[in-house]
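A, B and C are the chain letters, set down in written order, and residue numbers restart from 1 in every chain.
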Amino acid sequence: MDAVAFALSFKLSLWTACLLAPIGVLVARTLAYQVRRGRAVLEGIIALPLVLPPTVLGFYLLAALGDASPLGAAWTALFGQGLVFSFEGLVAASLIANLPFAVQPALRAFEAIRPELREAAWVSGLGPWRTFWTVEAPLAWPGVLTGFILTFAHTMGEFGVVLMIGGSIPGETRTAALAIYDKVQAFDDAGAGVLAAALVAVSVVAIIAVQALGSRLARHDR
Amino acid sequence: MTAEPALSLSFRRGGPAQVAADLDLAPGEILALTGPSGAGKTTLLRVVAGLIRPGEGRIACGGEIWLDTAAGIFIPPFRRRTGLVFQAYALLPHMTALQNILMAMGDLPREQGREEAHRLMAALDLSGLENRKPANLSGGQQQRVAMARALARRPSVLLLDEPLSAVDRRTRRRVRDQLAALREAGGPPILLVTHDLEEAAGLADRLAVMEAGRILRCGPPAEVLADPQVAGVLDLG
Amino acid sequence: MSLTRRTLAGLIALAPTRAWASEGPLVAAASDLTGALPVIAERFRRAGGGPVRLTFGSSGALTRQIEAGAPFEVFLSAEASLARRLVSSGRAEGPGRVYGQGRLVLFARKGSRVRPAGGSAELVRALKDGRIRRMAIANPDHAPYGRAAREALTALGVWTLAEPRLVLGDSAAQAARFALTGGADAGLLPLSLALGPELARAGAYGRIDPTLHTPLVQTAVVLRGASREGRAFFDFLASPPARAVLRDFGLAPEGDV
């Protein structure tokens, strides 16, 4: 078992999911409660990574993060090494590629809260911040958690985007998915098989968790 | 009215469903608001609570200015001392009855708040139900918890959206008694939306009839109900 | 297998593998070295050189990655022009070192109706009489062995016949994979891969006349910013143990066969 590759996938997935959780909440909440016009357009833009082929996404990300771009050049100036072909570059790419996974379940969850409940909190003297913690968070957390798990599971299996942005550098950007690809090419079927089984196990656990959360969301008395 | 009104409101809300109103309420006065569906009754309550921001208007309550579009003043709902009982109660499903009531007492010290909450619950015949979640309360009980929550806010104005419909007789009596007690004690003015005209006539000091976004008539219930135009709007046969 | 043995096998599978190091200088290598380079790296380690991280791919793809800033330290290209390109752009230190010669073979699995020992002649015959319905080669756009395969097929006058039947591998190693697992009836592959245990066990090969394509001069370069360990590995490629491995895998430089 290529522990390094698996650990790298795990690390990438954890970073992406943890960073996207608050971003997802912020975006979802803003869309649910503060955007009136153009909402369909914004939702569509956020959903783009879902429908774009990974190579298209990777192509544009490469243009946006590579040495020739302002962001990439600034990064290299600051840290001495490029953003692409680095773990940090993978995280950046992953954040964009997984945005819909983090935002959509959270958005559904915030939308599902009856507006009256938030109004009841306001009328009882709770400002926006306290309303968030007292009303929104307790009712929407299954959706946020679903987003977290989906982001994690999806990142574990990410291939096209990682390959284009990160190459396949052992210990740095060769995630489990890429390692499987490399091992198959190197005729190491046993090694590929073990990694593949590990990824399947992660996916199964994730699906079960999401299902459980889904039924929990449905049970919530609205 | 010679004394300063406890609630003075005047607003105009434009858009597809226009609503306009001018009202002054004396301290402790109970004003019942009735009219066909869509007349704007709930909108009026929501404007007073601050949940709707009209394009033009002025609201003063309890000595504070809550809205003055001319001066650019708009106090958000969480800074107005309103008690609002929603038509569907809007109790937070993940919190117990006691927690729902305590939510409106955020500015009191913990112990004092708890005592007050228990007292309110007893007054509304809710003792023993402190730790129940709304899903385990009957409709009438939920309504009374919502009422307790509104009162817990020590409001400058109490707003009730159809509190007497769809509940059992016992609850209706409890609520009426509570409202009457508030008036006796010189409590806040009360705006009460209802379809039950008998109830309104028995309880309210004044009755206002709304239609198509404006107040048609406002005055003592007997007078208003005798008006033929009102009879037509309310379909009093 | 009993439950105990299966559990043990499972646990062993989970143990960390040695072959894929997680530290040490980053070396980019053409995929025809998939068999040979890990052996050389092992010898390097045993000689006190430390671990080396290997990344395989088509030489063209790796060159592009290096030009985009990939942090490799040594690059082993399957042909000279790509290495020269990196030297010209300043990414690599010239002039580099020729470490071997690439050779193209026709490969077919055991039991196939194609007799690869016949080399170029058999290739032409099998294409003409339809015994080869699908043939794997590396992608000519960015893999030197693919380019060489296309040149050979063109020189033999069968390119138009072969082209619709081609299965393109991302790299020479992937083309070998296709030829091995049945996606293709035959493949035009590096000799070094055909000599490797997986293909040698599963089929047979025959040489394609090297005059049919431009020579695959395997060139290694040190890349800008390489560490001491990286340079040490680069130097090791010229050492007798490394040369021996290269010879075993059929990569010995011209005139050294």
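Basically, a residue touches a chain if its C-beta (ideal position, glycine included) is under 8 Å from a C-beta of that chain, and two chains touch if they have at least 3 such contacts.
Just so it is clear, the structure is predicted and the values come from calculations on it, not from any experiment.
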**Study point:** Steps needed, at minimum, to go from chain A to chain B via contacts
**Key:** 1
**Study point:** Chain whose Cα centroid lies at the greatest distance from that of chain A
**Key:** B
Check your understanding: So which chain ends up in the middle if you average the CA atoms?
Key -> A
Practice item. Averaged over CA atoms, how far is the centre of chain A from the centre of chain B? Could you give it in whole Å? Key: 45
Review point. Per the centroid of Cα atoms for each chain, what is the distance between chain B and chain C, given in Å?
Key: 81
Check your understanding: So what's the Cα centroid distance for chain A and chain C, whole Å?
Key -> 36
**Study point:** Contacting residues of chain A [partner chain B, same complex]
**Key:** 114, 116-117, 119-128, 130-131, 134-135, 138-139, 220-222
Practice item. Can you check the complex and tell me which residues of chain A touch chain C? Key: 1-5, 62, 66-67, 76, 81-82, 84-86, 167-172, 174, 179, 182, 184-188, 190-191, 194
Point to revise | Partner chain A, residues of chain B touching it in the complex | key: 49-51, 76-84, 86, 88, 90-94, 103-104, 106-107, 133-135, 149-150, 152-153
Point to revise | chain C residues within the chain A interface of the complex | key: 13-17, 19-23, 26, 31, 34, 53-57, 65, 68-71, 170-171, 173-174, 177, 180, 196, 198
